[in-house]
Every structure is written in structure tokens, then in C-alpha cells.
């Protein structure tokens, strides 16, 4: 997945490290034991291993982390969808992306309609509670604005594949796809026989995005991130990625909770950059901050049905907007 | 009291749920049916949404599967991988609700494409959770509106396994769960024949004729030896459902999402 | 694993249901899709599917749930080890057990020394921070008080195997056991080639205890259980089991947390019985209730070294103690 | 200031840790070394214990891997399956500490049995996390006291892979992590030869002779071209370590668990 390993490396000297500005100065993905047998070599001990996340303006973070041709996952299961980051990718005109998301939702409908993507990996491509994603359908049915290759899975497969990516596994093994036609149209679904019972089990390659972007409620000043409420696959998507960007509602003193030690926390050293973007999940929602703009999800149906109306909306609401 | 076809469907589906059921709930009519059951005859029913919310008790119906309301009223919320690993695949769900653009006589469902996969006439949303809901839940209920385009002789694409294309594949694969045991439409309820697994009409909703069902079904539909009339929605059922829909409309600032 | 399926079924009519005494009256394990191809048949729809947990005195809960010959997991990773339940099993003289635990700890040293077990499935058999488990060693090295078959894994394998059990999988697939001699002495470790990369991966059968017993801080009146602090593999061990017993420090009004929705909660319908046993994890600890009795862990070394001294300790501290 | 052999070992191990390291910490000397590093030259080092505690900053050393102190001072605590799946196997750990009853010249470790597996002379605790720590961490440090019974020509059982029984197996298996890069004993520090991967002595602790090392090593031990003297523990290192041990002893009501 992804063609930008070299591009990623070219960024390696530009890392600004939180509270140690320019000391660390690199941006290198963690090694992945899971890349056997075509993995990257283990990193030299001369290079310090992991770095903490850097706080960057959103435009800078996107410019540094998202490259043309990348496999990109913007995750968030209904909740905490990183719309602001998606809009910044549109503004920067990044193209050739493989977009990965369980539910493409409006954020990918917009990115696909703007021509950012050449491939979509997904498991449910609708407007939740409303109907179709018309830009996605237009791309698949009429190749507008460009052809869109699709790799289609079930939710269970994608959830397992993100977890396998986070766990450094080459693939995810699960009980799935039984009796479905999906394996016939997706060569990235295989079956093996369980070595102990003989039961056929489904296998899909682990998801390993070049970049994962998620939105969360809070980061602390050390760059640790707290996700609360419906946490979806965000943790797995971040841990599976070579590079990770988190947009957050706000920065607080600490995200550690003495009374709630089992919270979903992404440690600083699993994240490359953090951008503070209040409202960065709108029209999706941020639990404890603002509600889902259900009316916009309904209104999007009419906007997205028509190519001209869609383009006008993007011009007015994405391109005219100043990057936060 | 009079009622709409949608209300009749919701009530008929709700009645099939029991207090001990653990339901994997989809948005729309299944959500309305499950919450109606919870607010009437099955107060202890456990509702699970695939966003990770376990044992939710929403006071309004969610518009999406991941509304904050579901999380706020849940016993706890787990990650989506955990939901699919420990709860769905782990065999913890008794009833899964499914629907689709097409269903065949064996309860196989298509929610992927109309036309060929590579050059679709209509690109539908796709599987979502459905493919594994269909095989991991102890049993599934199908809820769909009757029409010859929806109730088809053969699905264009088999997204979610019912009893298989000949009614025998599910058992042949050694799948231990029961599969689709109930189909509720706006005209009737159908259940699989014990031997052939072909869905046949077991009750007609009040005012519906056999001819209407035949006309709206894309295969030569069978009727059970005894076809009953679906009991009409009671006043309590209708009032509870309408209150729920009214609260939902007020909360979402629009027409009910369950319609 | 386990030979007591029939025994478990014979209990099926004795279930007392919380707040609906004698209405439900059964004790049936959930179906497991994962038992293909030798699985139990799907349960009849005539029997309601899952039941809530029943509050029972500890002695009753053990009598109903733990049968001779069962595969039993008493879990708790250092924290929340269910000692009181282990002592009750000793008092009831249950034998022929396959004991499953990542770290057998003192609780299994005691049960093995009392002759409860014929087999041990484990991954680290020491007294943490102190040294050996002398009763375990005496059983393995000198077959006292009876021979003990061992099935030995690594922590990673057992953690994956519990998770696979909870997930209804027949086996766990992971990157493990590379270069180790353990696969040569444990036939329940297999390897397969990843279908996409060709990488050899380890496979172990899922853990499926007949009974899992854990200790937790709190249950609410509906029988939902909250585990806090170091949560170990308790959730997975409970979800992997055919029957589950939880001992708790106390019963509270609610364990749901409006502000901490992502807590580790075991819903009532995943548990068969709950016994309220304050101090039930001593000399292990319960976060927020009492600390680990480190001095006892040290003192155990001398007690367990000597067979007579061990038996005297069990007589005085287990058999003479009244079942709580 | 004078110091014990144990203090010298702890200090030498601590010095090998960097501010950016993420360490999978074992109980005993590794725990003391990691916390000493955190309290001296590596204040931002991240300590992970296999009980699931991420980024802990204990004020006293834990007696067990799952002490409450670790959880209370952690950034967060995850489940044990998650620890082994996402954090260890996921490649998030830079340094793992290992020890055992036996080590060979290639850093292969035995913590399982002395004698035959089926009829052991001594039954040891077993792998615990070690088998996968040995291959999943970017690199590992071995900490063991020198003796001919511990530093053996051939391990009775290979619990945790070093560089393999001939020094070539690790690379031959395509394992991407570095394996054991440092061995600290009470006499010296050893590092693998770049070509053969055989551990050779690279520094002798103050007061230790080559003859002592030879006498305490069960194979014909090699010395690097340049063998340095390990710098003696500084006053700061000793004071910090002793304070830590004193706090630990006071908290646990006994002699330090790190001894």
C-alpha cells in the first residue's frame, strides 16, 4: 500500500519536536517487524527510535505528512470525523490518493468529488440515515471527475485489518465472508484452513496506511491524545499507520486520568503531528464539545447530487475558507 | 386508530423480539422496532449498535449508527474492532436486523450493486456489517418493503448469506447459526419453510390480499398452510411508537429518521 | 478443552435469575459459532438466549459452576487474583481440573499442592519478585501430590489465545515463537504461511475454559461488572468461557459511567453468577480497595517449600475458614 | 563511594538507555535500571510493563509486574492482550530487557528448564513475555550474573532467541529486529561481534580481571580488540539508585526487590 516511502523519508530531516525545537528534527515512521519479507531494514541505533508528536498548524501538518499517491486513512466512526483535515487536503490539491475508511461518509464524498482519490478502500459507502453518497456513485458509475478503483470489504474485515495493522501482523484472520460474493470480486480476500479444526477462515491483508488522520477531543502539552465516547477504529488506525496526524479540539494540562486509567489514550510517541483545530470534526461531532449537524447530512444529499452545485459548495466552503 | 404501512412493519418486527434478546441494531426501521420492543413488552432487551455502544437505551432514535445519544445511554462503549471481534463474531448477539435493495426467496440479500459489479447500474452502499451479521448472529430478521424490484428471483450480488442460492448452502457450509428466520414487509410476514428454507407468507397484514403479495413478489411466492392475519397494532404500540418518533423529530429538527 | 459439557447441561435447570427468582431458571452457556466443525448445535429458539448473572453465595456458585474435570481459568494479572474462589474450590475438593492461567501465582500453587489439578496451561510459573512456585515444581519434578501434565506457552500466545476465545475464533494467529524450542515440546503450537506475504506465523488453539473465574471491584444491581486498574486478560477470559463467575468487592447502584464511557464493563448477560466476596483477591490486591500483601508473597516461599508446612497452612487457612 | 556488584550492573544497564527509548521493563534489576535512567540522564524515557501500564513513572520500584503503583503513575493502562498485540508485536518497543538461568555466547536464553524438558532437574518459571520480547523489540539487553552454570556453552532449552545457536539463525529467519546488543553482568559488559554475533567482552567493571571473566564463563570467552574499564558509578548515580531502593524498601516493608 502506498508508493511514497521515499517521499516519507525525504521529510525525515524536518521534524520539529515538541518542547525540544529542532533538537530531534526528523519524521521517520516506526519500524514494522510485520513488513517481512519485504520490510524496511531495522533502523540504525545511531538514530533515536521514536519521537514525540509535534504541534503544527493544520496546513503545515498536511503539507508535511500527506504526499501525492499516499494511502491515507481519515477515520472516525460517525463521531470525530476529521473534516477539517480533509478540507485542507482538498485545498492543497493532493491527488492520486488511496482513501481508506470503513464509512467514506461526506468527507470522502467531498474528496472524491474534488479528484483527490484514485482508489477507495471501504466497507459501507452511504450517507448515514439519508441515502447515497452521490460523488462516490458518480465516480464509480461514470468515472467523474476521474475513474475510482474500489477495494470493497465488510466492516468486520476492515476492523480486523486495522487491528492487524496495529498489531504488526501481515494479515487479519477472522471468521468472515462466508457465503458472500465479495471474495469473488476482491482478490485481497483469501481463505485458509484453520490448522487445528480445518475450518476455513477468511484472511485480508493488514491495513497499513501511509498516513492516518483522526480527530480527538484533547491533547496534553506532551502531545498525548485522549479520545472519548464512540472511539471507533481510531486507535487501531493510528497505530497501523506509518505516519499519524491528530487534530484536536483543545490542549489541556494532562489527559491521564487517575480514576479512569483505562481510557483510550494515544501516547505522544505514536503520533507525528498534532494540529489544534476547534470544530475540526464538523459536521460530524465531538462528544462533550458539539453535536452532529444532522441537518447538514440531509442537506448534503441535494448538494452532492449535482456536479455544479457540488463544485460551488466546495469553492465557497473549502477553497474560500482560510486554513485553520 | 389507523396506522401506516411503516408502522405496521415496525410493530410486527418489534413483537418478534424478546426480553432476553441481544440485538445488533441497524438504523431506520430496525432501530425503531427494537426501541419500540424495549418501551413495550421487552423492557430488558439489550440493544447493541455497531459503533460499539453496548446496552444502549436511547430516548430518541439515532440518525446514524454512531450518534452521541447511543453512547450517553450505553452501559459502556467499546472500540469497533472489539465490537466485531468479541461481541458479533464472539457469538454474543441473538438477533441481527438486515435489509437490502434485493432479497431472494431464501433470504439472501444484496446491498452492493444493481447490475454487474464491474459496471454497476446502481452502486449501493455495500456490506457494512451485514455480511458477518448474517452468519454470526444466532438468527436474523429481514425488514424490507415489498416490490418486484426488491423481492427478486435472483439477487444481482449476494452480499449477505441467507439460506444460500438453493436454500441448502448455509447448512452445507456447517454454519451453526440459524440465519434469516423472519421477513417483515409492508404487506405481510414471511418465515422459511422448515425443509426447503424458502420464505413463505405466514401472515398478511390487515387489509392486504394474497394477490397484492403475489403482484409485489418477483418469484412465485408460496403461502403457508395456515396464513393468519397479522394482529393490528394496538393503541399502546402506536402511541409508544408515535411518541418515540415525535421525540426523535423534535431532537433532530426534521422528519423522523425512522420513516 | 474440558470434558464437562454434559455436566454443565445438567445444571441447566437450576438457574436463579437476579430479580426474577426462578423465572428463568437455567444456566446454559452461550452458543459458540466458533465450535465448527465439532460445535454444539445452535440452541433452540424455544429457550431464551442469554440470561443475566445471578447473585449467589460463593460456595453455591462454585458448587454450581465448577465440576470435576473442568478446564478452569482463574485470571487476574497480578491484580485482582480470585484467591477466595480458589480456596473454595480446594474446600469443595474438586479434582481433575485443567488449570489455565498465564501466571499460576500462589493461587494455583495452592490448588496444585492440594491435588485439584491434573493439567496446567500456563506461560510463567514463578512467584513474582520472589522466586519459584514450590508446589508447582514439586508436582512437575516429583509428581507430588500427583502427576501434573503441563501445556506451556508464552505470554503473547496465551493473551492471543484468550482474545481468540473471546472472539469466537478456533485459533489465534500471531507472530510468535520464532526461534524458540517451545514449539518442539508443545504440539498445540502450529505454524502456517501467511497467504499474502508467505511469512510463517504461529497458531495456537483458542482458549475456551469451561469456567472462568475473575475478581472485580464492583457489580451493579443488574449484575453488570466493572473492572478498573490493571485489567489484564479478565475480560477476554470471561468472554471466552462457557460459564463465568465473578467475585466482587461490593454491589453498587450503577457501574455505567457517563463521563467514562469506555470503561471495562462485563455486561450481566456475559456472566453466569456473581458472588460478593470483600477481600476476595487477598493477598493479591483490588485497586481502590486494598493493597497487595507483598510480605505474604515473600512468606509463601518458605511455606510452600515444605510439604508438611504447606498442608498445615492449607488446613489452617483454607479448610478451617468458613466459606464466605 | 564504594558500590556493590549489583549497583554496578544496574548503573551500566541504565547508561545504555536513551531519552527516546521505549522500554519493556521486567521486574528486578531491569526495573531498577530503567527507573535509574529516568531519574538521571533520560527523564523522558518511556517505561512499559507487560501488565499493560503505558508510560509509568513509579516513585518506588514494583515488587511485581502488576503493582498498583505502576497503574497509578501510568499515562494509561491497556489490557494484556492489547499490550502484546499493539505494543509489543506492533513494533512500538525499542528496548526489551531479558535474563534467564542460562545464556550462551550468542545471547540465546533459557528460562524454562535445567535438564531434559520431560524430566527436568530444575523447573524454571518459563517464558512469560520473553519469547516474543526477544524478537519483537527493536533490540534487547541481557542482564545476568556471571557464573559457569549461567554462561554456558549450550543452553539446555532455548526459550528466547538471541542470534541463534550458531549466531546465524536470527538473520536467516528474516527477523528484522536486532536482537541482543548488550549483555551486562556483575563482572563486565559484552557486545556481539559485528560478524559472528558472538558476545565478547567490551569493558571490565572496575576491579575485575580478564581471568575472573574467563573463570566464570562456560565457553572460551572472547575479548574485543579494545577492552575498556567500565566507568565507575558516579555519586549521583549511586545516590539516586540508593534513594530509589530505600523508598522501595520502605514502601514494601522489606529489603529492596531490586536486589
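All chains are identified by letter, namely A, B, C and D, in their written order; residue positions are counted from 1 within each chain.
Criterion: a residue touches a chain if its C-beta (ideal position, glycine included) is under 8 Å from a C-beta of that chain, and two chains touch if they have at least 3 such contacts.
Source: prediction; values computed, not measured.
Number of steps on the shortest path from chain B to chain D, with steps defined by chain touch: 2.
Interface comparison, A-D versus A-B: the higher number of contacting C-beta pairs is recorded for A-B.
Chain centres here are Cα means. That of chain B falls 37 Å from that of chain C.
A straight line joining the Cα centres of chain A and chain B is 31 Å long. Within chain C, residues 33-34, 36-37, 163, 167-169, 174-175, 199, 229, 231, 235-236, 257, 261-264 each touch two or more of the remaining chains. For chain D, the set of residues touching two or more other chains reads 71, 77, 85, 89, 135-136, 174-175. Taken chain by chain, the contacts fit none of the simple shapes, being neither an open path, a ring, a star, nor a full set of pairwise contacts.
The list of touching chain pairs reads A-B, A-C, A-D, B-C, C-D.
Per the touch definition, chain A reaches chain C in the complex via residues 33-34, 36-38, 167-171, 173-175, 188, 190, 192, 194-199, 201, 203, 205, 228-229, 231, 257, 259-264. On chain A, the positions that touch chain D within their shared complex are 24, 30-37, 39-43, 45, 48-52, 163, 166-169, 224, 235-236, 239, 255-258, 261-265, 267, 269-270.
Across the complex, chain A meets chain B through its residues 77-79, 102-103, 122-126, 128-129, 132-133, 136-137, 140-141, 152-156, 159-160, 162-163, 174-182, 185, 199, 229-233, 235-236, 264, 285, 287, 291-292, 294-295, 297-298. If you check the complex, the residues on chain D that touch chain A are 18-22, 44, 46, 54-55, 71-72, 74-78, 85-86, 89-92, 94, 135-136, 138-139, 174-178, 181. Residue ranges on chain D touching chain C, taken from their complex, read 27-28, 50-53, 62-68, 70-71, 77, 79-81, 83-85, 88-89, 112, 117-118, 120-132, 134-136, 157-161, 164, 169-170, 173-175, 252-254, 257.
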